[in-house]
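First chain written, first letter: the chains are A, B, C and D, and each begins at residue 1.
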Amino acid sequence: MQIDVTVGATTWVIADGYIPPQSSGPAPAMTSHDSACILNAGQRDAHVELVLYFADREPVGPYALTVPARRAHHQRLNDLAGPEPVPIGVDYCCVITSDAPIVVQHTRLDSRQAANALMSTIAYPAG
Amino acid sequence: MQIDVTVGATTWVIADGYIPPQSSGPAPAMTSHDSACILNAGQRDAHVELVLYFADREPVGPYALTVPARRAHHQRLNDLAGPEPVPIGVDYCCVITSDAPIVVQHTRLDSRQAANALMSTIAYPAG
Amino acid sequence: MQIDVTVGATTWVIADGYIPPQSSGPAPAMTSHDSACILNAGQRDAHVELVLYFADREPVGPYALTVPARRAHHQRLNDLAGPEPVPIGVDYCCVITSDAPIVVQHTRLDSRQAANALMSTIAYPAG
Amino acid sequence: MQIDVTVGATTWVIADGYIPPQSSGPAPAMTSHDSACILNAGQRDAHVELVLYFADREPVGPYALTVPARRAHHQRLNDLAGPEPVPIGVDYCCVITSDAPIVVQHTRLDSRQAANALMSTIAYPAG
(Lines give C-alpha, C1' and ligand atoms only; values in the text may rest on other atoms or scores of the structure.)
Protein backbone atom coordinates (compact mmCIF):
# COMPACT_ATOMS: atom_id res chain seq x y z
CA MET A 1 0.00 0.00 0.00
CA GLN A 2 1.21 3.50 -0.89
CA ILE A 3 0.22 6.18 1.58
CA ASP A 4 1.14 9.78 1.05
CA VAL A 5 -0.64 12.22 3.28
CA THR A 6 0.89 15.29 4.83
CA VAL A 7 -1.41 16.71 7.46
CA GLY A 8 -1.25 19.05 10.36
CA ALA A 9 0.49 22.14 11.61
CA THR A 10 3.96 22.99 12.89
CA THR A 11 3.08 24.75 16.15
CA TRP A 12 0.72 23.31 18.76
CA VAL A 13 -0.26 24.33 22.28
CA ILE A 14 -1.36 22.36 25.33
CA ALA A 15 -2.58 24.85 27.93
CA ASP A 16 -3.58 22.50 30.76
CA GLY A 17 -0.47 20.59 31.70
CA TYR A 18 -0.43 18.81 35.07
CA ILE A 19 0.92 15.42 36.11
CA PRO A 20 -1.12 14.16 39.09
CA PRO A 21 1.22 13.26 41.96
CA GLN A 22 -0.42 9.97 43.03
CA SER A 23 -1.59 6.86 41.20
CA SER A 24 -3.77 3.79 41.78
CA GLY A 25 -3.21 0.54 39.95
CA PRO A 26 -0.34 -1.21 38.22
CA ALA A 27 2.53 0.81 36.74
CA PRO A 28 3.19 1.93 34.11
CA ALA A 29 -0.24 1.48 32.49
CA MET A 30 -2.24 3.14 35.27
CA THR A 31 0.38 5.63 36.43
CA SER A 32 -1.06 9.14 36.31
CA HIS A 33 0.34 10.93 33.30
CA ASP A 34 0.04 13.67 30.67
CA SER A 35 0.60 12.57 27.08
CA ALA A 36 1.31 14.50 23.91
CA CYS A 37 0.15 12.10 21.19
CA ILE A 38 1.80 13.01 17.90
CA LEU A 39 1.19 11.89 14.33
CA ASN A 40 3.72 12.46 11.58
CA ALA A 41 1.90 11.19 8.50
CA GLY A 42 4.40 12.75 6.11
CA GLN A 43 7.29 11.33 4.14
CA ARG A 44 10.14 12.88 6.13
CA ASP A 45 11.07 12.75 9.79
CA ALA A 46 9.76 15.50 12.06
CA HIS A 47 12.15 17.10 14.51
CA VAL A 48 9.93 18.18 17.37
CA GLU A 49 10.67 20.51 20.27
CA LEU A 50 8.63 21.02 23.41
CA VAL A 51 8.97 24.09 25.64
CA LEU A 52 7.28 24.15 29.03
CA TYR A 53 5.85 27.28 30.66
CA PHE A 54 5.26 27.66 34.37
CA ALA A 55 3.47 30.08 36.68
CA ASP A 56 6.45 31.46 38.49
CA ARG A 57 9.64 30.99 36.48
CA GLU A 58 11.10 31.22 33.00
CA PRO A 59 10.24 28.56 30.39
CA VAL A 60 12.19 25.31 30.28
CA GLY A 61 13.29 23.63 27.08
CA PRO A 62 13.54 22.67 24.41
CA TYR A 63 12.89 18.99 24.95
CA ALA A 64 13.78 17.41 21.61
CA LEU A 65 12.39 14.29 20.01
CA THR A 66 12.14 12.89 16.51
CA VAL A 67 8.95 11.42 15.07
CA PRO A 68 9.94 9.37 12.03
CA ALA A 69 8.05 9.61 8.75
CA ARG A 70 4.72 7.76 8.77
CA ARG A 71 4.84 7.08 12.49
CA ALA A 72 2.81 7.66 15.65
CA HIS A 73 4.58 8.80 18.78
CA HIS A 74 2.72 9.04 22.08
CA GLN A 75 5.01 10.90 24.48
CA ARG A 76 4.33 10.80 28.18
CA LEU A 77 5.48 14.12 29.59
CA ASN A 78 6.50 12.21 32.73
CA ASP A 79 9.15 10.43 30.71
CA LEU A 80 10.95 13.44 29.26
CA ALA A 81 14.48 13.48 30.62
CA GLY A 82 16.42 16.64 29.85
CA PRO A 83 17.02 19.52 30.13
CA GLU A 84 15.27 18.69 33.44
CA PRO A 85 12.49 16.32 34.53
CA VAL A 86 8.94 17.67 34.19
CA PRO A 87 7.85 18.50 37.74
CA ILE A 88 5.04 16.43 39.22
CA GLY A 89 1.95 18.09 40.68
CA VAL A 90 2.79 21.46 39.12
CA ASP A 91 0.71 23.46 36.62
CA TYR A 92 2.36 24.04 33.27
CA CYS A 93 1.64 24.79 29.60
CA CYS A 94 3.45 23.33 26.61
CA VAL A 95 4.29 24.69 23.16
CA ILE A 96 5.24 22.07 20.58
CA THR A 97 7.03 23.05 17.36
CA SER A 98 8.09 20.84 14.47
CA ASP A 99 9.97 21.23 11.21
CA ALA A 100 7.34 19.11 9.45
CA PRO A 101 3.53 19.08 9.80
CA ILE A 102 2.25 17.00 12.71
CA VAL A 103 -0.99 16.58 14.64
CA VAL A 104 -1.03 16.68 18.45
CA GLN A 105 -3.67 15.42 20.88
CA HIS A 106 -3.34 15.99 24.63
CA THR A 107 -4.54 13.30 27.03
CA ARG A 108 -4.32 12.95 30.79
CA LEU A 109 -4.85 9.80 32.84
CA ASP A 110 -5.52 10.67 36.47
CA SER A 111 -5.59 7.69 38.82
CA ARG A 112 -5.25 9.53 42.12
CA GLN A 113 -8.57 8.04 43.20
CA ALA A 114 -9.69 4.41 42.99
CA ALA A 115 -10.97 4.44 39.40
CA ASN A 116 -9.04 6.39 36.79
CA ALA A 117 -10.30 9.52 35.07
CA LEU A 118 -9.40 10.49 31.49
CA MET A 119 -9.50 13.73 29.55
CA SER A 120 -8.43 14.46 25.99
CA THR A 121 -8.48 17.24 23.44
CA ILE A 122 -6.89 17.96 20.13
CA ALA A 123 -4.24 20.54 21.03
CA TYR A 124 -4.48 24.09 19.69
CA PRO A 125 -2.94 24.40 16.22
CA ALA A 126 -1.16 27.76 16.36
CA GLY A 127 0.65 27.91 13.03
CA MET B 1 -39.23 17.48 6.74
CA GLN B 2 -36.63 18.50 4.18
CA ILE B 3 -33.10 18.64 5.48
CA ASP B 4 -30.23 19.63 3.26
CA VAL B 5 -27.03 20.39 5.07
CA THR B 6 -23.55 19.50 3.88
CA VAL B 7 -21.04 20.03 6.64
CA GLY B 8 -17.57 19.01 7.52
CA ALA B 9 -14.25 18.17 5.98
CA THR B 10 -12.81 15.28 4.00
CA THR B 11 -9.64 14.55 6.03
CA TRP B 12 -9.64 14.08 9.80
CA VAL B 13 -7.01 12.98 12.30
CA ILE B 14 -7.20 11.17 15.63
CA ALA B 15 -3.76 11.36 17.26
CA ASP B 16 -4.39 9.46 20.50
CA GLY B 17 -5.52 6.00 19.51
CA TYR B 18 -5.37 3.26 22.14
CA ILE B 19 -7.76 0.41 22.96
CA PRO B 20 -7.38 -0.45 26.66
CA PRO B 21 -6.69 -4.17 27.07
CA GLN B 22 -9.03 -4.88 30.00
CA SER B 23 -12.66 -4.11 30.78
CA SER B 24 -15.06 -4.05 33.72
CA GLY B 25 -18.78 -4.52 33.32
CA PRO B 26 -21.12 -6.12 30.80
CA ALA B 27 -20.04 -6.46 27.16
CA PRO B 28 -20.38 -4.92 24.70
CA ALA B 29 -21.65 -1.70 26.31
CA MET B 30 -18.88 -1.39 28.88
CA THR B 31 -16.09 -3.00 26.87
CA SER B 32 -13.13 -0.63 26.63
CA HIS B 33 -13.06 0.89 23.17
CA ASP B 34 -12.01 3.72 20.85
CA SER B 35 -14.74 5.09 18.62
CA ALA B 36 -14.68 7.26 15.52
CA CYS B 37 -18.12 8.85 15.50
CA ILE B 38 -18.96 10.04 12.00
CA LEU B 39 -21.74 12.22 10.64
CA ASN B 40 -22.58 12.35 6.95
CA ALA B 41 -25.24 15.04 6.80
CA GLY B 42 -25.04 15.33 3.01
CA GLN B 43 -27.23 14.00 0.24
CA ARG B 44 -24.84 11.36 -1.10
CA ASP B 45 -23.08 8.42 0.50
CA ALA B 46 -19.59 8.96 1.89
CA HIS B 47 -16.92 6.39 1.15
CA VAL B 48 -14.61 6.58 4.11
CA GLU B 49 -11.13 5.14 4.56
CA LEU B 50 -9.13 4.85 7.77
CA VAL B 51 -5.36 4.40 7.86
CA LEU B 52 -3.64 3.52 11.12
CA TYR B 53 -0.14 4.68 12.06
CA PHE B 54 2.04 2.98 14.63
CA ALA B 55 5.25 3.71 16.51
CA ASP B 56 7.41 1.01 15.01
CA ARG B 57 6.05 -0.18 11.68
CA GLU B 58 4.54 1.02 8.42
CA PRO B 59 0.92 2.25 8.34
CA VAL B 60 -1.91 -0.25 7.97
CA GLY B 61 -4.94 0.31 5.79
CA PRO B 62 -7.11 1.40 4.32
CA TYR B 63 -10.04 0.17 6.35
CA ALA B 64 -13.08 1.01 4.23
CA LEU B 65 -16.60 1.81 5.29
CA THR B 66 -19.58 3.62 3.81
CA VAL B 67 -21.63 6.16 5.70
CA PRO B 68 -24.90 6.59 3.83
CA ALA B 69 -26.37 10.01 3.08
CA ARG B 70 -28.02 11.65 6.12
CA ARG B 71 -26.75 9.03 8.53
CA ALA B 72 -24.70 8.72 11.72
CA HIS B 73 -22.10 6.00 11.99
CA HIS B 74 -20.27 5.36 15.25
CA GLN B 75 -17.42 3.00 14.46
CA ARG B 76 -15.66 1.17 17.24
CA LEU B 77 -12.06 0.73 16.14
CA ASN B 78 -12.12 -2.60 18.01
CA ASP B 79 -14.62 -3.88 15.47
CA LEU B 80 -12.72 -3.15 12.27
CA ALA B 81 -11.92 -6.42 10.58
CA GLY B 82 -9.55 -6.15 7.64
CA PRO B 83 -6.89 -5.69 6.41
CA GLU B 84 -6.00 -6.81 9.98
CA PRO B 85 -7.56 -6.39 13.43
CA VAL B 86 -6.63 -3.20 15.29
CA PRO B 87 -4.15 -4.29 17.97
CA ILE B 88 -5.25 -4.01 21.59
CA GLY B 89 -3.12 -2.12 24.11
CA VAL B 90 -1.00 -0.50 21.41
CA ASP B 91 -0.55 3.23 20.69
CA TYR B 92 -1.70 4.35 17.26
CA CYS B 93 -2.90 7.37 15.28
CA CYS B 94 -5.64 7.38 12.64
CA VAL B 95 -6.17 9.40 9.45
CA ILE B 96 -9.70 9.34 8.09
CA THR B 97 -10.45 10.41 4.53
CA SER B 98 -13.79 10.63 2.76
CA ASP B 99 -15.04 11.45 -0.73
CA ALA B 100 -17.81 13.59 0.81
CA PRO B 101 -17.73 16.02 3.75
CA ILE B 102 -18.10 14.36 7.14
CA VAL B 103 -17.57 15.29 10.79
CA VAL B 104 -15.56 13.04 13.11
CA GLN B 105 -15.47 12.93 16.90
CA HIS B 106 -13.09 10.62 18.79
CA THR B 107 -14.25 9.00 22.02
CA ARG B 108 -12.67 6.43 24.30
CA LEU B 109 -14.36 4.38 26.99
CA ASP B 110 -11.80 2.95 29.38
CA SER B 111 -13.21 0.46 31.89
CA ARG B 112 -9.94 -1.11 33.03
CA GLN B 113 -10.75 -0.01 36.57
CA ALA B 114 -14.03 -0.42 38.46
CA ALA B 115 -15.81 2.69 37.19
CA ASN B 116 -15.42 3.64 33.56
CA ALA B 117 -13.59 6.73 32.33
CA LEU B 118 -14.51 8.65 29.18
CA MET B 119 -12.69 11.10 26.96
CA SER B 120 -13.82 12.79 23.75
CA THR B 121 -12.71 15.42 21.29
CA ILE B 122 -13.72 16.60 17.89
CA ALA B 123 -10.99 15.14 15.66
CA TYR B 124 -8.59 17.44 13.82
CA PRO B 125 -10.03 18.60 10.47
CA ALA B 126 -7.03 18.51 8.16
CA GLY B 127 -8.55 19.33 4.78
CA MET C 1 -21.52 47.17 32.98
CA GLN C 2 -21.85 47.32 29.20
CA ILE C 3 -20.99 44.13 27.40
CA ASP C 4 -21.19 43.85 23.67
CA VAL C 5 -19.55 40.80 22.20
CA THR C 6 -20.84 38.76 19.31
CA VAL C 7 -18.96 35.51 19.02
CA GLY C 8 -19.33 32.17 17.41
CA ALA C 9 -20.78 30.47 14.40
CA THR C 10 -24.24 29.61 13.15
CA THR C 11 -23.79 25.88 12.38
CA TRP C 12 -22.32 23.40 14.85
CA VAL C 13 -21.96 19.62 14.87
CA ILE C 14 -21.87 17.05 17.66
CA ALA C 15 -20.82 13.73 16.15
CA ASP C 16 -20.84 11.47 19.22
CA GLY C 17 -24.36 11.60 20.60
CA TYR C 18 -25.42 8.88 23.03
CA ILE C 19 -27.49 8.99 26.21
CA PRO C 20 -26.39 6.16 28.50
CA PRO C 21 -29.36 4.04 29.51
CA GLN C 22 -28.56 3.62 33.22
CA SER C 23 -27.56 5.97 36.02
CA SER C 24 -26.08 5.87 39.52
CA GLY C 25 -26.78 8.56 42.08
CA PRO C 26 -29.47 11.14 42.76
CA ALA C 27 -31.57 12.49 39.88
CA PRO C 28 -31.47 14.80 38.11
CA ALA C 29 -27.90 15.88 38.89
CA MET C 30 -26.29 12.48 38.38
CA THR C 31 -28.65 11.17 35.69
CA SER C 32 -26.66 10.11 32.63
CA HIS C 33 -27.07 12.75 29.95
CA ASP C 34 -25.77 14.47 26.83
CA SER C 35 -25.74 18.26 26.95
CA ALA C 36 -25.42 20.91 24.26
CA CYS C 37 -24.13 23.92 26.17
CA ILE C 38 -24.87 27.08 24.22
CA LEU C 39 -23.72 30.68 24.63
CA ASN C 40 -25.46 33.56 22.93
CA ALA C 41 -23.26 36.51 23.82
CA GLY C 42 -24.90 38.79 21.27
CA GLN C 43 -27.50 41.52 21.58
CA ARG C 44 -30.41 39.69 19.96
CA ASP C 45 -32.12 36.40 20.69
CA ALA C 46 -30.89 33.31 18.86
CA HIS C 47 -33.45 30.95 17.37
CA VAL C 48 -31.74 27.58 17.45
CA GLU C 49 -32.70 24.34 15.74
CA LEU C 50 -31.30 20.87 16.37
CA VAL C 51 -31.59 18.01 13.90
CA LEU C 52 -30.68 14.49 14.96
CA TYR C 53 -29.12 11.89 12.65
CA PHE C 54 -29.28 8.16 13.24
CA ALA C 55 -27.64 5.04 11.85
CA ASP C 56 -30.69 3.45 10.31
CA ARG C 57 -33.43 5.99 9.64
CA GLU C 58 -34.04 9.49 8.33
CA PRO C 59 -33.08 12.52 10.45
CA VAL C 60 -35.49 13.81 13.08
CA GLY C 61 -36.14 17.46 13.75
CA PRO C 62 -35.97 20.28 14.00
CA TYR C 63 -36.06 20.65 17.75
CA ALA C 64 -36.47 24.39 18.32
CA LEU C 65 -35.31 26.50 21.22
CA THR C 66 -34.54 30.15 21.83
CA VAL C 67 -31.43 31.37 23.59
CA PRO C 68 -32.06 34.95 24.65
CA ALA C 69 -29.51 37.71 24.08
CA ARG C 70 -26.59 37.63 26.53
CA ARG C 71 -27.63 34.29 28.00
CA ALA C 72 -26.25 30.80 28.59
CA HIS C 73 -28.42 27.80 27.82
CA HIS C 74 -27.30 24.28 28.74
CA GLN C 75 -29.69 21.89 27.02
CA ARG C 76 -29.85 18.29 28.08
CA LEU C 77 -30.70 16.29 24.99
CA ASN C 78 -32.66 13.97 27.30
CA ASP C 79 -35.10 16.79 27.97
CA LEU C 80 -36.02 17.69 24.40
CA ALA C 81 -39.70 16.97 23.91
CA GLY C 82 -40.89 17.18 20.30
CA PRO C 83 -41.07 16.25 17.52
CA GLU C 84 -40.21 13.04 19.46
CA PRO C 85 -38.15 12.18 22.54
CA VAL C 86 -34.44 11.55 21.92
CA PRO C 87 -34.00 7.78 22.17
CA ILE C 88 -31.96 6.45 25.08
CA GLY C 89 -29.03 4.11 24.46
CA VAL C 90 -28.94 4.87 20.74
CA ASP C 91 -26.06 6.37 18.71
CA TYR C 92 -26.84 9.68 17.06
CA CYS C 93 -25.24 12.84 15.67
CA CYS C 94 -26.61 16.38 16.00
CA VAL C 95 -26.47 19.45 13.75
CA ILE C 96 -27.27 22.73 15.47
CA THR C 97 -28.15 25.84 13.45
CA SER C 98 -28.92 29.33 14.67
CA ASP C 99 -29.97 32.65 13.17
CA ALA C 100 -27.40 34.44 15.34
CA PRO C 101 -23.83 33.49 16.27
CA ILE C 102 -23.54 31.06 19.16
CA VAL C 103 -20.91 28.80 20.69
CA VAL C 104 -21.67 25.14 21.45
CA GLN C 105 -19.84 22.72 23.75
CA HIS C 106 -20.84 19.05 24.00
CA THR C 107 -20.65 17.28 27.35
CA ARG C 108 -21.71 13.83 28.49
CA LEU C 109 -22.15 12.62 32.03
CA ASP C 110 -22.16 8.82 32.16
CA SER C 111 -23.07 7.37 35.55
CA ARG C 112 -23.79 3.80 34.45
CA GLN C 113 -21.07 2.60 36.82
CA ALA C 114 -20.54 3.58 40.47
CA ALA C 115 -18.55 6.77 39.88
CA ASN C 116 -19.53 9.08 37.05
CA ALA C 117 -17.44 9.68 33.96
CA LEU C 118 -17.36 12.96 32.03
CA MET C 119 -16.33 13.95 28.54
CA SER C 120 -16.50 17.32 26.81
CA THR C 121 -15.44 19.03 23.62
CA ILE C 122 -16.15 22.24 21.85
CA ALA C 123 -18.47 21.16 19.04
CA TYR C 124 -17.36 21.45 15.40
CA PRO C 125 -18.07 24.93 14.00
CA ALA C 126 -19.26 24.22 10.47
CA GLY C 127 -20.28 27.63 9.19
CA MET D 1 17.77 29.79 26.24
CA GLN D 2 15.96 32.41 24.15
CA ILE D 3 12.31 31.71 23.52
CA ASP D 4 10.17 34.02 21.47
CA VAL D 5 6.84 32.63 20.43
CA THR D 6 3.61 34.56 20.27
CA VAL D 7 0.69 32.21 19.86
CA GLY D 8 -3.02 32.21 20.28
CA ALA D 9 -6.04 34.44 20.02
CA THR D 10 -7.47 37.32 22.04
CA THR D 11 -11.06 36.10 22.51
CA TRP D 12 -11.94 32.64 23.82
CA VAL D 13 -15.20 30.97 24.86
CA ILE D 14 -16.02 28.25 27.37
CA ALA D 15 -19.64 27.21 26.83
CA ASP D 16 -20.04 24.53 29.49
CA GLY D 17 -19.31 26.19 32.79
CA TYR D 18 -20.47 24.44 35.96
CA ILE D 19 -18.81 24.00 39.36
CA PRO D 20 -20.09 20.76 40.92
CA PRO D 21 -21.47 21.45 44.40
CA GLN D 22 -19.95 18.49 46.25
CA SER D 23 -16.49 16.92 46.44
CA SER D 24 -14.81 13.69 47.56
CA GLY D 25 -11.21 13.61 48.72
CA PRO D 26 -8.70 16.04 50.17
CA ALA D 27 -9.02 19.78 49.44
CA PRO D 28 -7.91 21.64 47.50
CA ALA D 29 -6.50 19.06 45.06
CA MET D 30 -9.66 17.01 44.76
CA THR D 31 -12.18 19.79 45.24
CA SER D 32 -14.61 19.89 42.32
CA HIS D 33 -13.67 22.80 40.09
CA ASP D 34 -13.72 24.42 36.65
CA SER D 35 -10.38 25.74 35.42
CA ALA D 36 -9.44 28.13 32.64
CA CYS D 37 -5.85 27.18 31.86
CA ILE D 38 -4.10 30.06 30.12
CA LEU D 39 -0.78 30.33 28.32
CA ASN D 40 0.83 33.66 27.56
CA ALA D 41 3.87 32.66 25.52
CA GLY D 42 4.54 36.21 24.35
CA GLN D 43 6.99 38.85 25.47
CA ARG D 44 4.55 41.21 27.20
CA ASP D 45 2.04 40.74 29.97
CA ALA D 46 -1.52 39.85 29.01
CA HIS D 47 -4.36 41.67 30.74
CA VAL D 48 -7.20 39.19 30.71
CA GLU D 49 -10.88 39.70 31.45
CA LEU D 50 -13.52 37.05 32.02
CA VAL D 51 -17.25 37.70 31.69
CA LEU D 52 -19.75 35.12 32.88
CA TYR D 53 -23.12 34.49 31.25
CA PHE D 54 -26.06 32.85 32.98
CA ALA D 55 -29.43 31.40 32.04
CA ASP D 56 -31.62 33.89 33.80
CA ARG D 57 -29.81 37.15 34.47
CA GLU D 58 -27.46 39.68 32.92
CA PRO D 59 -23.75 38.84 32.51
CA VAL D 60 -21.36 39.38 35.40
CA GLY D 61 -17.87 40.79 35.05
CA PRO D 62 -15.30 41.55 34.10
CA TYR D 63 -13.13 39.46 36.34
CA ALA D 64 -9.61 40.78 35.71
CA LEU D 65 -6.32 38.97 35.94
CA THR D 66 -2.84 39.43 34.53
CA VAL D 67 -0.84 36.62 32.95
CA PRO D 68 2.78 37.74 32.83
CA ALA D 69 4.92 37.31 29.73
CA ARG D 70 6.15 33.74 29.19
CA ARG D 71 3.97 32.34 31.94
CA ALA D 72 1.27 29.71 32.51
CA HIS D 73 -1.74 30.60 34.63
CA HIS D 74 -4.30 27.97 35.56
CA GLN D 75 -7.27 29.80 37.05
CA ARG D 76 -9.87 27.92 39.02
CA LEU D 77 -13.16 29.67 38.44
CA ASN D 78 -14.04 28.77 42.03
CA ASP D 79 -11.32 31.11 43.24
CA LEU D 80 -12.34 34.27 41.38
CA ALA D 81 -13.27 36.87 43.96
CA GLY D 82 -14.89 39.99 42.52
CA PRO D 83 -17.12 41.47 41.26
CA GLU D 84 -18.91 38.51 42.92
CA PRO D 85 -18.08 34.86 43.64
CA VAL D 86 -18.86 32.41 40.83
CA PRO D 87 -21.99 30.57 41.95
CA ILE D 88 -21.66 26.87 42.73
CA GLY D 89 -23.93 24.32 41.05
CA VAL D 90 -25.14 26.83 38.45
CA ASP D 91 -24.81 26.60 34.65
CA TYR D 92 -22.78 29.39 33.06
CA CYS D 93 -20.71 30.28 29.99
CA CYS D 94 -17.51 32.34 29.97
CA VAL D 95 -15.99 34.75 27.46
CA ILE D 96 -12.31 35.48 27.96
CA THR D 97 -10.65 38.47 26.30
CA SER D 98 -7.04 39.55 26.40
CA ASP D 99 -4.94 42.44 25.10
CA ALA D 100 -2.25 39.98 23.98
CA PRO D 101 -2.55 36.56 22.32
CA ILE D 102 -3.19 33.69 24.73
CA VAL D 103 -4.34 30.07 24.54
CA VAL D 104 -7.13 28.78 26.79
CA GLN D 105 -8.03 25.21 27.72
CA HIS D 106 -11.09 24.40 29.84
CA THR D 107 -10.93 21.57 32.36
CA ARG D 108 -13.37 20.34 34.99
CA LEU D 109 -12.65 18.04 37.88
CA ASP D 110 -15.86 16.55 39.25
CA SER D 111 -15.44 14.59 42.48
CA ARG D 112 -19.08 14.44 43.53
CA GLN D 113 -18.90 10.64 43.45
CA ALA D 114 -16.21 8.39 44.95
CA ALA D 115 -13.71 8.51 42.08
CA ASN D 116 -13.17 11.80 40.28
CA ALA D 117 -14.14 12.47 36.69
CA LEU D 118 -12.26 14.81 34.35
CA MET D 119 -13.13 16.59 31.14
CA SER D 120 -11.09 19.00 29.05
CA THR D 121 -11.21 20.85 25.76
CA ILE D 122 -9.33 23.62 24.09
CA ALA D 123 -11.72 26.55 24.40
CA TYR D 124 -13.26 28.11 21.28
CA PRO D 125 -10.97 30.74 19.74
CA ALA D 126 -13.38 33.48 18.67
CA GLY D 127 -11.11 36.23 17.46
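Criterion: a residue touches a chain if its C-beta (ideal position, glycine included) is under 8 Å from a C-beta of that chain, and two chains touch if they have at least 3 such contacts.
Computed from a predicted model, the values in this text were never measured in an experiment.
Matching residue numbers shows that A-D is the pair in A-C or A-D whose interface repeats A-B, with more than half of the contact pairs in common. Chain C and chain D touch with mostly distinct residues; of the residue numbers seen at this interface, under half occur in both copies. Per-chain CA centroids place chain B at a distance of 21 Å from chain C.
Between the CA-based centres of chain A and chain C the separation comes to 30 Å, rounded to the whole angstrom. Those residues of chain D in touch with two or more other chains are numbered 113-122. Of all residues in chain A, those touching chain C in their complex are 113-115, 117-119, 121. Across the interface of their complex, chain A is touched by residues 1, 3, 5, 7-8, 24-25, 29-30, 35, 37-39, 41, 70-74, 103-105, 107, 109, 111, 114-122, 125 of chain D.
Note for the complex: chain C touches chain B at residues 11, 13-18, 51, 53-56, 58-59, 61-62, 91-93, 95, 97, 106, 108, 110, 112-124, 126-127.
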